[in-house]
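My questions will all concern the structure given below.
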Amino acid sequence: MGGNTFMDIGLGHYLAVSAILFALGLIVVMTRRNAIGILMGLELLLNAAGINFVAFNRFSAPERMDGQIFVIFIVILAAAEAATALALVLNIYHQIHTANVDEAHLLKQ
Amino acid sequence: MLLTLVTFIPLIAALVVLCIPKEQKDIIKWTSMGAAVVTFIISCQLIMGYRSGGTDSVAEKFDGQIQSVIDDNVADTALKASFQKGVQAIEADNVDDAVGADRGPVHYAEVAGIDLKSLDAAQSKAWHETWELSMAKGAAASEHIRFVEFGHWIDGFNIRYFMGGDGLSLPLIWLTALLSVLCLAYSWNITKATKAYFALFLILETGLMGVFLALDFFLFYVFWEIVLLPMYFLIGFWGGPRRIYASIKFFIYTLVGSVLMLICMLALYFHNGFDTFNILTLMEAAPGFSQTMQMWMFFGLFIAFAIKVPIFPFHTWLPDAHVQAPTAASVILAGVLLKMGGYGIFRFNLGLCPDAMTGAIQLPMWLGGNFIMFMAILGVINIVYGALCAMAQKDFKSMVAYSSISHMGYVLLGLAAMTDAGVQGAVLQMFNHGLSSAMMFLIVGVIYERAHHRNLNKFGGIGAQMPYYTGLATIGFFASLGLPGLNGFISEALVFMGAWNSHTASPAVGVFGLPTWIVFLALPGIVLTAAYILWAVQRVFMGPLKSETYKTFKDLSFREVFVLAPLGLLCIVFGVWPQLILGFMNDTLNTLVSSVIAVAGN
Amino acid sequence: MSAAGRGREGEWALSFHAIIFWALAAMTIVPAIGIVVSKNIVHMAFWLLGTLLGVAGLYLHMEADFLGMTQVFVYIGGINVLLLFGIMLTNREPLYVRAAVKRPAIASAVLLGVVVAVGLIQSFGATEWHTVKDAVAPGLADASAKAVVNGDGTAATLGTYLLSDYILPFEIVSILLLVVLVGAAYIARRDPEGGSA
Amino acid sequence: MMFFALSKQAGQIAVTNADVQEKFPGLVQEITSNLGAFLPELILAVGVMWVIMADLFTRRERSRRMGFHAFAFVAVALVSVICHGFSGDQELFRGMIVDDGFGAFFKVLLLVGTLICIPMVMMTRSFDGRRMGEFYGLLLGSVLGMFLMVTAKNMIMFFLGIEFASYTSYLLTGYLKGDRRGAEGALKYVIYGSVASGAMAYGLSLLYGLTGSLDMADVAQGLIVSRTTDVTVLIAGLLCFAGFGYKIAAFPMHFWSPDVYEGAPIPFTAFLSVISKAAGFAVLLRFAEGMVGTGNWELTLSNGDVVGVDWPLVVGVISALTMTVGNFAALFQRNLKRLLAYSSIAHAGYLLMGIAALAPGAENAIPGWQAILFYLVAYLFMNLGAFLVVSIIAEKTGRETLDAYRGLGSRSALLSVALGIFLISLIGLPPTGGFTGKVQLIKAVVDDGQIWLALVAVVNTVVSVYYYARIIRLMFLEESDDTSKVPLSAPVSAFVVLMIVPVLWLGVFFGSTVDFIRDLTLTLG
């Protein structure tokens, strides 16, 4: 293969995308104070992991489809997680009318 | 069986006491007293039995144990013979005082031609136990350990129920039993939570007995920690106004020491793959420990025990604890708890770090250059600093507390001398201090109960008002001062003789000898002690009555005489006839010293 | 079909393949940056939509067609909509995401993000992965490529996996969904016993 | 093209049983035969559905009776685990989970803990008048998830088990809907927990890429064989640790636990601090052992260079930080629940020492994981015992602050002595299980040559004395204005006594437990 980084799309490229996505997810998680905003950052993290799994499945271990199976479970679990988190967000919203994590400061005293 | 009884009778009594309804105060007190008296009687029996008992019976006990271990686990006759061969090899080395060589189980397996890998689990456990017991047997014979009790406890970690008494521990056992009886008698008028008080006191006694008798390091540690909690509660609940601060300080200081000890214990367990907590076995193997190992071991154990003794600069918990503790707790604290530290230094630092005790391990100059100097300097600081502090106190009880610090310095100095006289003096000093300091604290307690203050400057003229009290108190004070004819004199004199001779006696056998100037540095301690004690006697007993209220003071009650008189009597008896107790300890201590010297000779 | 382009007219297929990848990568990352910089939470949700679509495209690009569709249906149709519901239910005030953290904190987060991204890419580049295949040519061992080439799609193969090797997680996840949804419904329900009790 | 393929497959998406049978002959029989070893999980799964369904047919006032149902299911599951025994050594469901002594041990631990927590829930008045079907459904579901955690062999099962246990825990934390602290704790828990699991998913993906497999045995093998560069292995390990560390509340993933512990209902706080933590340690142990192979911490290259990450040091540092942070934070707490939360962070730190000493240096030494298992048993009883007393006091006085304990010694001898024993055990003093457990952990690190870590643990123990002893001091040494006796019913007293017995038993006769743990089989990933 040639050494053309722009043309020879391989594992490294997908990993780079996932790494950037992961980093962006981390930034969102760290800068947002709104619970739903943080959840969005989380979705970025999970998608980064998903890209990794599929890319590794295709380039590193293509004999089986383990990586893709993992992604299916990640997606299902993400759905359950979103449902859980939203239920708890609604729960707190009923009481103090905010979804901002830092305004829920009763515990910090 | 005697040792188990002497240790656990108080605990059982404590459990019984807990089951008695708390309104039945008399029953509680008499049950506790009964248990303490029984314990004391058994401890007397131990003392008498020790002098008449032969060494052979212990050897037979070990032999029987070894035989049964082999018989139970090894069926194959050839293997059995190899085991026996191993036992013989170990014993031969024990008699020869072979040192330095590898004395681990693996080495002897090679000697006896046992292939450790071919043994099954039970057999290799049996071999380990055989090795452990054979090694212990050597130490038990030479240290004159008697009344050995051996049982299995946690086999997974080779933790045994292993108890025994020797010339070092049995006097302290007797002292503990005696002081327990006296303290319980003194505590007769405790009204606050009587049941809990007596139960805790009995648990404390069990812990103390166990500490002095345990020959398994793990067992020792467990008892050591058991002592901690009852004392914490005794100070914290029944103490003076600042009791909570004092009790927490006592608790935390002591715990720091004991966790350090825990690490040393575990390190010892793993050293060379010995995998044993048996103190005697470790003592037999100790000459083979590397110097680095011994150095760290010495530091760790020394700090652990130094906190308990207490040795400068770890002493600050003691005045607080003493001043706040109720009188009986002070008595036990000064009389016995401090001796736990001294006992630990003798049993572990001396027994397990022989190279440190010969001065062979180099230390930085600011630490004295070697461990002997290190200990001697700390001892001198204790003696002089403790005496100076005592002199500065206005509070009667804190004066006595600081005098304890001063007196325990002699123990360290005597040990550092590493001569027969010095070491005997040191142990005797522990015993004597147990008597005299107990007496002093009781004396303070008696006057405090009447005057409700302890300010030395406010007393005066008590002598005429309370003649019996004054008479007994004077004995205690003078014993503490070291007046010839009373017990304190003998031990201090022995310590000084030992330290003085150290530079001539020790180098001949390869042990570092103390320079004479150390003795000169310590001598002011005697003068200072005389000064603060005489000054205190003068301020309390002489002169005119300082307050009208003192006129109402009654002389000693029968109960107080019962508590103080035996102590006074013993101070005189051991002052006149020190051989009574010295003859008892000589063999053990001389062997301890000579076994260390044997290392130096190698 | 990009994989089929191997060998025949390699140049063209290669560049086509690459162009699609770069387009999808941009489609993934640019909206993700949008999420980071956006001040309005509704905007964030729509930016997220873009990222999710981009990831779905990347899945398809890697011949994971079933996953791509799952991503579209579940993530975009389900989770993202759920998040929007959440936003609508909990934001009566203007829909701004307060940047409650102080500016230095944001700066350090961004800095950390850059460090993480660069560090990850660096170390990934230096890593010897399991058995790295040719970029463009997965070869016949590739289960999913095979499925796609045969015209079956990956769904059937994945289904077989789920009902054989992965039957346990497959069954467990159904219990999980049951329990979690029942619990979530309980928590979210505003009934007399909860609320202002 | 792809889209063509997709449209075509729409018609074929159904996979029939016959298809499976054809492609995997004997699969049905294989899976059926595995069900025997899977019985406890099945019982729990049935229990989950039973309590939810049965609650629908129960009047609200009687809903608390669901506790008996849940208790019965857990008890039956416990019996079935014990009947199955601890000598299993096989893979189940095509390598998804394993059936081994290690797993069975943890199952027993989890079930016993749950058996203790359920009566605590039933004693708690703040649950009165609520629907409890969902609560017990979530609780049993959480235990089921932890079962999968402790037996997982495939990374999918790791992930699924952790997520299952986590989601149910989030919901249970916020179960008291009217309680604002609970709602906030739950929100923090779910938000940061999800982030941690997202990071873990990323870490797992890297492991998959490094080794090409999801099976832990292959992963372990692959890491040793492929000798990959250190940095990615380190990154993968740390990311996975983010997930596990969150579960066990290890530094720096501990920040959630005080808020969550304080916000959750007390019985569930107890559940989280002990049972959830135990499951987390099971995963961490399996993962740590699996990831590096048995004791193979360093990878030796063919030219003799030793490369690799010094995992013992990494874990050791985390352990030291965790215990230090937990202890120092606990010093300043006035709410006992919060104090116990911080102290449980510290205990996670002590337990991590065992992970740092996983590869023992000397012969005959107990490996770190055995020390961890023992400590977890002791910790189960002492911490649940402490929470039991806290819960009783909170029920009787309505307070969780330290003030409620002033003079307790004279108000209830049993409760104060019991709490005293639990606290002494938590400090690690003989003759209690906490002491023997801590000795084993310290022994493991000393044996491994990490004396510094042992010293840190020792210093921490001393620090912890200060705040534990403060409670003891308040109870016994100080007097309160309120001298009314705390009334205790006979069953509650018996319950408290029942918790003291194992704590003391483990302190004096711990040999049999140690031997039992030593004989456990660990089918490694």
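To keep things simple, chains are lettered A, B, C and D as they appear, and every chain counts its residues starting from 1.
Keep in mind that, in the parts below, contacts are C-beta pairs under 8 Å (C-beta built on N, C-alpha and C of every residue); 3 or more make two chains touch, one makes a residue touch a chain.
Keep in mind the model is a prediction, meaning the values are calculated, not measured.
*Asks:* Farthest chain from chain D, going by the mean of C-alpha atoms per chain?
*Replies:* B
*Asks:* If you average the CA atoms of chain B and of chain C, how many Å lie between those two points?
*Replies:* Using C-alpha averages as centres, the distance is 70 Å.
*Asks:* So what's the Cα centroid distance for chain A and chain B, whole Å?
*Replies:* From the centre of chain A to the centre of chain B is 64 Å.
*Asks:* Starting from the mean Cα coordinates of chain A and chain C, work out the distance between those two points in Å.
*Replies:* 7
*Asks:* On a C-alpha centroid basis, what's the spacing between chain B and chain D, in Å?
*Replies:* Using C-alpha averages as centres, the distance is 44 Å.
*Asks:* Spell out, as numbers or ranges, the residues of chain B touching 2 or more other chains.
*Replies:* Chain B, residues with two or more chain partners: not present.
*Asks:* Indicate the residues of chain A shared as contacts by at least two other chains.
*Replies:* 15, 22, 25, 39, 41, 50, 55-57, 60-61, 69, 73, 77, 80, 84, 87-89, 91, 94-95
*Asks:* By the touch rule stated above, which residues of chain D touch at least two different other chains?
*Replies:* 156, 160, 163, 167, 171, 174, 177-178, 209, 212 - these are the residues of chain D that touch more than one other chain.
*Asks:* For this entry, which pairs of chains touch?
*Replies:* Result of the pairwise touch check is A-C, A-D, B-D, C-D.
*Asks:* Write out the stretch or stretches of chain A touching chain C in their complex.
*Replies:* Where chain A meets chain C, its residues are 1, 6-17, 19-28, 30-34, 36-37, 39-41, 43-44, 47, 50-51, 54-65, 68-69, 71-73, 75-80, 82-84, 86-91, 93-95, 97-100, 102.
*Asks:* Quick one: which bits of chain D touch chain C in the complex? Just the residue numbers, please.
*Replies:* So the residues of chain D touching chain C come out as 1-2, 4-6, 8-9, 12-15, 19-20, 23-24, 27, 31, 45, 48-49, 52, 60, 92-97, 129-131, 134, 137-138, 141, 144-145, 148, 154, 156-157, 160, 163-164, 167-168, 171-172, 174-175, 177-178, 209-212, 222, 226, 228-229, 231-232, 235.
*Asks:* Which stretch or stretches of chain D touch chain A in the complex?
*Replies:* Residue list for chain D touching chain A: 155-156, 159-160, 163, 167, 170-171, 174, 177-178, 180-181, 183-188, 190-191, 194-195, 197-199, 201-202, 204-206, 208-209, 212-214, 258-259, 262-263.
*Asks:* Mind pulling up the chain C residues that touch chain D in the complex?
*Replies:* On the chain C side, the touching residues are 1, 60, 63, 65-66, 68-69, 120, 123-124, 126-131, 148, 151-153, 155-156, 159-160, 163-169, 172-173, 175-176, 178-180, 182-184, 186-187, 193-197.
*Asks:* Could you pull out which chain A residues touch chain D in their complex?
*Replies:* For this pair, the touching residues of chain A are 15, 22, 25, 29, 35, 38-39, 41-42, 45-46, 48-50, 52-53, 55-57, 60-61, 66-67, 69-70, 73-74, 77, 80-81, 84-85, 87-89, 91-92, 94-96, 101, 104, 106-108.
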